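Some structures are shown below for you to check.
Note that chain A is present in both complexes that follow, paired respectively with chain B and with chain C.
For the complex of A and B:
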């Protein structure tokens, strides 16, 4: 992976894209982090205990830890990571903008605001209740961002989009914190949820949001051809017979479902949607048919790896996965800008 | 400097020359008058309302004992703190936008506010478990930590974004990345804290003038008194920088040094404002642009921005206290006003770009 300097007039380097190699690497990495995620945690377990818990559970404490806590947590990590990775591809494709990410553009913020609104003001308590609010908030924020993107002909510049995201997220954050301030219990729940964590969620929760994520993934795959055509620009896409409005609508619904579901269940988790598409694109090129499945894979690996790291660094306490990704993702973001991978 | 502006006679005194701009003076004086009015109204409002005339009488030194106590010990420091913090933020924003020649930059994007937030929160949470030392620590340590944190974060952003000169956009994006990392640290500290600390911290993090006394007013006042004159003198160099880097170098300006000096001043101002009242966001972004539109001219005016900043913070605090109820920090009001304004600026730019 060479450092391509945009702006120097060199003939474009044709990188050979190796989708199968990338797939193999991705699956290998996923296998490693899944094993780690099941085997590592606050309560020490030997590999033998883990194996017994998976194959022949007897009801021992280690069995409970592995089957009731770590396994659902791992599945949830895969689900959330895949959802956010694919949401990132969709956002970057639709805005034609390398810095697009559900977190940076305020879509997670929109979902978070509506979730907090529903739990503190309206008294909704279960996920099935507030997931709809998450969808509503994500959809509104996504609509705002897409509209801003449509306001200019060549699409917004990365800076415009990033700042618009900043304005939207700051506004939503201010309103969210105004709601929880002065209310002890909801403030307490809020600060843990807002960090973005996978622990204590349980298998039932994962199953509840699973259909939404699956629907979002199906819509994303249905959006592949349109995204490839839209990469040429909106006018060219129209000229090629693409129904742009419909494609945008499908993309919007998919982003909403994927982001809303993951925020509802795990809180706002940033940078996965930014990093995963960039990593995959550097391996297999810009074709969305490859980007989407591989970004799902890489997103899952990222979230699980961050979760495992979070369990290890401040033992016996835990660092929430959203915090780990925020701290690790920021240098990646800064490097993208400093290396001029992003045209300003 | 060069030929006088048509119809305006330059005022010269030795090496210094300036142009009398009646519009700027009118805006500054009008803003000051408005500020006194809003400030007096804000002093008067509270659990024990005092009429505007009485407030002015007390300030002139002739009021009853009770009223004098309430005003000089409780209400006045709060309002003055708002005035000074707003002024510092306005000037910091005007300098930053003048240096970057970009209306979208501000100390907020430089990471100052989030750096200050993390440092203050760290003091609040990590050191806040002791007993009697807490009061002293909160009074001295927290503002100090906020100041240092803001300076460090800004240094980090400038260091990372500096690459063969300062590009405003690279600046903004690097600042954004750093502030996301800092926000992550903030939410970790919030998780570590106990409930009381967390609730205190969340209010501080929103930027609030609650319970601000003279001990908060004095440091900002000192910083403003020292930094503002330097900034006004140095800001003359912005006139050369406005012509573009090459032209400014040709005129004998040390471009990078002037920029770093001016940015340093802006960061000190913003960080000390943060130390006094917490991060009151968007004031530094919005007020220079608004005062630029009021005064006309090529770049945000320092004094008018200071007055506008003070006016915004004091009015925001008054609105937060009276209309929205006592719990809402002033920072929420400024964000609710400022974020849509930023979106408006962006849409306008985008329209212009695509036209």
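For the complex of A and C:
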């Protein structure tokens, strides 16, 4: 009897306030880091110079720095961050593994390996050429990790997947290093790229990978409802009429596109795919319709913020985004594992 | 077999790897009688869950097939099946931090398309499913904050929101204490009485099965050993054959359904002299 009364007084079944708050916060943070990313760098610029460069460029050196270096770099950072954040949501959703991340599961490593293979062995030099190798490497690594993880008794659990990912990552890293160390001239370029960096690669680069990232994002959004039921386990998802194989395939293609594109332009950047989904999940819960757009936003904020920090800490030199994120991300990873172990 | 059957297994043989678990000799036949609660019982490893999962299309039989409304289950799009047939797996998982209402809402999955998102129908179905299981007051709570019994109510709400005529429940009472087992089974009984749903469930407890199911299917070694009403199936002979257990079967003093009392060897010193007919060895002193 009591419960019936409570039922009538209960608030409406669905509530939508907090996602908007999170979206507002995310957009605010993005605005801040975008401004910083355009205004801050190795060569000192005054706010006035930045403003002039944006609204009334005259061809002054500061105009060139802002318009041709910082602006494209900022756009590239947004693109890469969004791609990695969403790839992380997809991977965590499909593996139901809170530790999944394109870097940890070897997907970035696969993409990086194939990119290096294409440049050192086949002599491919432009991004449009090696982005395909990045996709191929990402897809192969994903298949390898999932096959290894699933081959163990009891199927792919968070632990078997993480271990398989670790093994594949290490193997690919070793192979990549071996290839690069044999090739003197490519070493410097590789060192920079492999650290995961945004640099003055120009607007053309952003435009080249944009279609792939957009396609990946569209597929990720198409995957939302499937991910929501897959979160209840495969049996429940099948029982609810979900074609699990098709959903997995869409997810795999999306992860491959997003990770491959970002590795091709910025090298393997870790932890964004791990951190962004967790931050968003703690704000808006586990519904993928909210997770995916917000993880894109948070991923972009993380990458841009790390890039700005990297430009400031060792001025006038720069610390690569991947390194900054590694320094911040590693403790986050440890904290995450500790929290989960305490709960278990 | 009497009675209409929208769902039936026709000569199914199911296995994992090399081992055949169900229908090893010449396939298993079973008609699920409409509008009835059927409980599948049997010892561990007899293939109860395998049979249920086959009926639910979670396992594909190697031979034979499952028919739903006269069509082979593997020929009907999974989403269409999901509007008629609901499944509650043995150990369903939910993402951390999910709200009860959001979980129940996922039961509406088969009714949605990319061009037909959340609708008033969906909203109404979720609200009704929550009200029906008395969980409306918990709609805004997260699942992690609920007890095991409450969680099972939420899962049943989700299955209800799916709005299927047939519901397959794989051991819906595992991990629950007796009071909550009864609670869940009362809910299942109401589904049948008030909604006319057809329910098939795997149960371990024979007495509860006899109490809440109109029809029992006793399985042994992947075959159907006996089918019928609780009184037809739960006889002392069947219990001995199927479970390898010597037991008395008496009438449940509350419901009049058969009640299985294991004989065993141990007799506590109660001071009372139990009356055990038909058992000569190990008579109590």
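For this structure, a couple of remarks:
Going forward, the second predicted complex is superposed on the first by the 312 of 344 C-alpha atoms of A that agree within 3 Å, B and C clash if a C-alpha of one lies under 4 Å from a C-alpha of the other, contacts with A are read in each partner's own complex, and residues count from 1 in each chain.
Rule of thumb we're sticking to: a residue touches a chain if its C-beta (ideal position, glycine included) is under 8 Å from a C-beta of that chain, and two chains touch if they have at least 3 such contacts.
Every value quoted in this text rests on a predicted model; they were computed, and no experiment measured them.
Once the two complexes are overlaid on the shared chain, A:222 sits against chain C while remaining clear of chain B. When the two structures are aligned on the shared chain, A:122 is found in touch with neither chain B nor chain C. In the superposed pair of complexes, A:240 makes contact with chain C only, with no contact to chain B.
Once the two complexes are laid over each other on the shared chain, residue contacts for A:323 go to chain B alone; chain C is not touched. Taking chain B and chain C in turn and counting the residues of chain A each one touches, the greater count comes from B. Legend: residue contacts after superposition of the two complexes on their common chain; A:170 is shown touching chain B, with no touch to chain C. Of the two partner chains, chain C is the only one touched by A:287; chain B is not. The contact sets of chain A with chain B and with chain C never meet. Of all the residues in chain A, the ones that touch chain C in their complex are 3-4, 6-8, 10-11, 13-15, 96, 222, 225, 228-229, 231-233, 235-236, 238-243, 281, 285-287. Residues 53, 56-58, 77-83, 85-89, 91-99, 101-103, 105-107, 109-110, 112, 114, 123, 126-127, 130-131, 134, 136-137, 139-140, 162 of chain C are the ones that touch chain A when the two sit in their complex. Note for the complex: chain A touches chain B at residues 99, 103-104, 148, 151-154, 156-160, 162-164, 166-168, 170-171, 173-175, 177-178, 180-182, 184, 187-188, 191-192, 194-196, 270-271, 319-320, 322-327, 329-331, 333-334, 337-338, 342, 344. Against chain A, in their complex, chain B makes its touches with residues 104, 109, 160-161, 163, 167, 169-170, 172-174, 176-178, 180-181, 183-185, 187-188, 190-191, 193, 195, 198-199, 202-203, 205-206, 281-282, 327-329, 331-332, 335-336, 339-340, 342-343, 346-347, 349-351, 353-354.
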